[in-house]
């Protein structure tokens, strides 16, 4: 029944229902008063990368071994790593400098995927605005390092899966080491045994 | 765009674009195959997941990777959710162009936020999802995601009815949209249009039915077609398509099997597809989104070309706008539904 | 409650008596009382303007499921203060090639009719600032000044958008003025005089105990009220007819080259004009300061008047939140092809209602006389684009 | 004289205003009309013309003929001024700044001469003929209802003739505009 003006009236009914509804049903009002009410982000949400370290001391417990895979794979090339060298100049398995320029980073999380040592993860902190355009937007190693406990805080399931994987790798390595050690021990035992026998054959 | 007027009517119209050109294709040719995926999010930033799917589909046809069933289901669910939020956002934008002070826009965005929350829970970001990988998806659905998606899809027809009540019968909207810039099927085909605009003109061409990519053949859904092809048909086609997407989502959310989310044999880092070329295309919410890739066996694509639906649909803007009023130019541009990220790449 | 009813008038007289006793000459007292009335009327309407600029944004927000300004002061009530300060501190740009004198005069000429028109509205039982015998005619005569102001604003800014906007605005106002005037004249005809207080008096009394005699309750009154309302929307360049400031097309219409306090004056003039025409709508069709129900007459009359004005203003915001903008040719076609014949029909049906004795039988007669043209015109107008005709094919 | 009239202002403002008030709009009327003729910029001239219409309207109201004053305001300021403005805008928007009718030469002298001649005739008539001798009738505040009855009563025929005339003019204008469009 297209009585002229019916469409307009239906439109008015919809806006009236929304107007009154916003006073009655709370779920219609979608705006959050930001500084007072913080949004509850879903667990998977990501903002910028950070480095994970085990135990207490950040430097010692650092998982990153400066293999620079993430530096190569990062699409906008915003990671900068320099490998650490000890006094004698021999390269150590630790980065001396690990910078991420978060003004360039597009939080695409590819570095997390390609990192074989589960050392870089995505943070959920989004209040990073600063007055200084250059200095504070390049996070150096000290700002990036966060404890594994913090990581469990923000991504519980992902953190526990990562720990499980690390646990499994360590156990596999130990088993392999044990097997190797056991094989090496058997080899030395045979050598020793061979060393004991040959004197008779040469007589 | 430069519009030459004679009083109120448009005499000449020349769209000027290129301001959002970010050299997307050259960057992709400089980076590895995997590094190009996050850039596809930025193509049509209203529907990131369909862009990802188009790129990964092209790479999979290039490398001949097959995708596990669960991943296909997740891809269809996320793509149809993207189509829903794109069409809903379209309804809001076209009303805002006509000066409805944003009430329809706010209702549309209230629903779109719920869909974006689902994306954030799944992929980690609301719009820059970077979720699809070669041979499947990056991570599996978090617990409870399917239930909340089911609730959303359950409540969606009610929202669409509310929007239709506000818009479809509205006499002013009818006066502003009907009979404006009609498009004949031949002209649409010659213009190379694709997507809802083509179907509004009466051409029955939906790549989901034509190519049957993904597992679309498994779902029962209908493809609406208009008769007159004017702004009102273009508007109504998107409303009807949103309803069809809800049907697909209902079937997909029920039928999703368990299993791996990504093809275990597919290598993501240092991925070197065999030399050759491939053209993968999907039915994006705005039209046929295609990726034409040439690989020379190295870990970088030799040639990376995007076929953007918005740019090609935009070429017909001048012809549609000649002879109409200024107020109509806004509505016609709105009814074509372009995103400049995709037009300029 | 009688005291409250007469409060404003008694207050003024008491104040004047005090001054009189202080030896102020008689003549001066008369001027002073006029100044007092003018001061209160303008003060009230400026207060309403400030309140309305916040409430409009809050109502629009609530319709769109958000809160609206609530940071400046409790519930955002200090927002007009913040807007005022912003407007004052903003730099007042005048384009180099603009016509300086006319550019400066436009807001002034725009403000004059908006304020003058407040003089004849009956705010309370016998609280009319200026008791004019042809008040309605005064209202439309002065209202015509806004067109001159809009033209001056459009022309002086020497910018093609503003000239286009001004031309559109004038075409719109002229073509909507005629249905507006005819629907107002319908009410005046039934009341028998052009003076607003007589019209409000004619709407007094209650039929069958509780039904008020307002003109809006009669079929011809309802149509005339609707036409007047649509005309009012067009006169004050609001919502479906806000073509002159069609943001998406012309930047801001005739207000493009204005900034700072001149823009605020235009903004103020538009709102006060809107309130004035809401007041006229209430006077003509909603029974001015008459109470809706017999036992409610205890509430002072001027509260009824301002209550109704605020309600009508609320509906204007409601319309603004819902409807998209009309295109220029639709706007003019709608005015000449639909509103004009409908206003004649309403005029005719009012006459039928009067001569058929104003009883229930007359009620139905006038309903028929107004209903048929509405259906005929409406269907012919919307027959070009009916929703049901548009069928869509679906393929599997 | 000035202080004496100021005194009346305090005693009985109504009378004081009554006297001076009439002269003010008349003065504004004359000035605006003169400006409308003299100004070179067409738009300024039109605006001054509108000002003179307003002043005329106020003059009518000041003399007590409210109805005629308001009608004058409504018709002239609302419609006629807009008509002139639209005519200017639509016909010659480009060469608008300077009106090309040079005011030099015989123009002003001729104009002034014609003005004075008519002024002389009017004054002569005012002082000599018997009609003007009668005292100026007080402001006749004819109530609107009376005007309505008169219009509908004695002057019915005149009203209808004017109506027909106007519609004929409107139809003519529409036809002219129509033809102009398809040529």
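Chains: A, B, C and D, in written order; residue numbering restarts at 1 for each.
The rule is simple: a residue touches a chain if its C-beta (ideal position, glycine included) is under 8 Å from a C-beta of that chain, and two chains touch if they have at least 3 such contacts.
On a predicted model such as this, the values are computed, not experimentally measured, just so you know.
Listing every chain that touches subunit C and subunit D alike gives an empty result. The most distant chain from subunit C, with centres taken as the mean of CA atoms, is A. Between B-C and A-C, more contacting C-beta pairs join the chains of B-C. Mean C-alpha position of subunit B lies 45 Å from that of subunit C.
Here the CA centre of subunit B is 65 Å from the CA centre of subunit D. With centres set at the average Cα position, the gap from subunit A to subunit B is 31 Å. Residue positions 103, 107, 110, 166, 168-174 of subunit B each touch two or more of the other chains. Shown for subunit C are the residues that touch two or more other chains, namely 63-66, 321-323, 382, 387.
If you draw each protein chain as a dot and join the dots that touch, the picture is not a line, a loop, a star, or fully joined; it has some other shape. Listed by chain label, the pairs that touch are A-B, A-C, B-C, C-D. Listing the residues of subunit C that touch subunit B in their complex gives 60, 63-66, 239-240, 242, 246-250, 320-330, 382, 384-385, 387, 390-396. The residues of subunit B lying in touch with subunit A in their complex are 27, 31-32, 34-39, 103, 107, 110, 113, 117, 120-125, 128, 130, 138-139, 142, 162, 165-174, 268-269.
Taken in their complex, subunit D has these residues touching subunit C: 9-14, 16, 41, 43-44, 47, 50, 57, 66-67, 69-74, 77-79, 81-82, 85-86, 89, 143-145.
Interface of subunit C with subunit D (complex): residues 25-28, 30-31, 99, 101-102, 132-134, 137-138, 140-145, 147-148, 151-152, 155, 163, 167, 170, 174, 177, 193-194.
Those residues of subunit A that touch subunit B in the complex are listed here as 2, 4-8, 10-11, 13-15, 18, 28, 30, 41-46, 69, 73-75, 106-110, 113-114, 122, 157.
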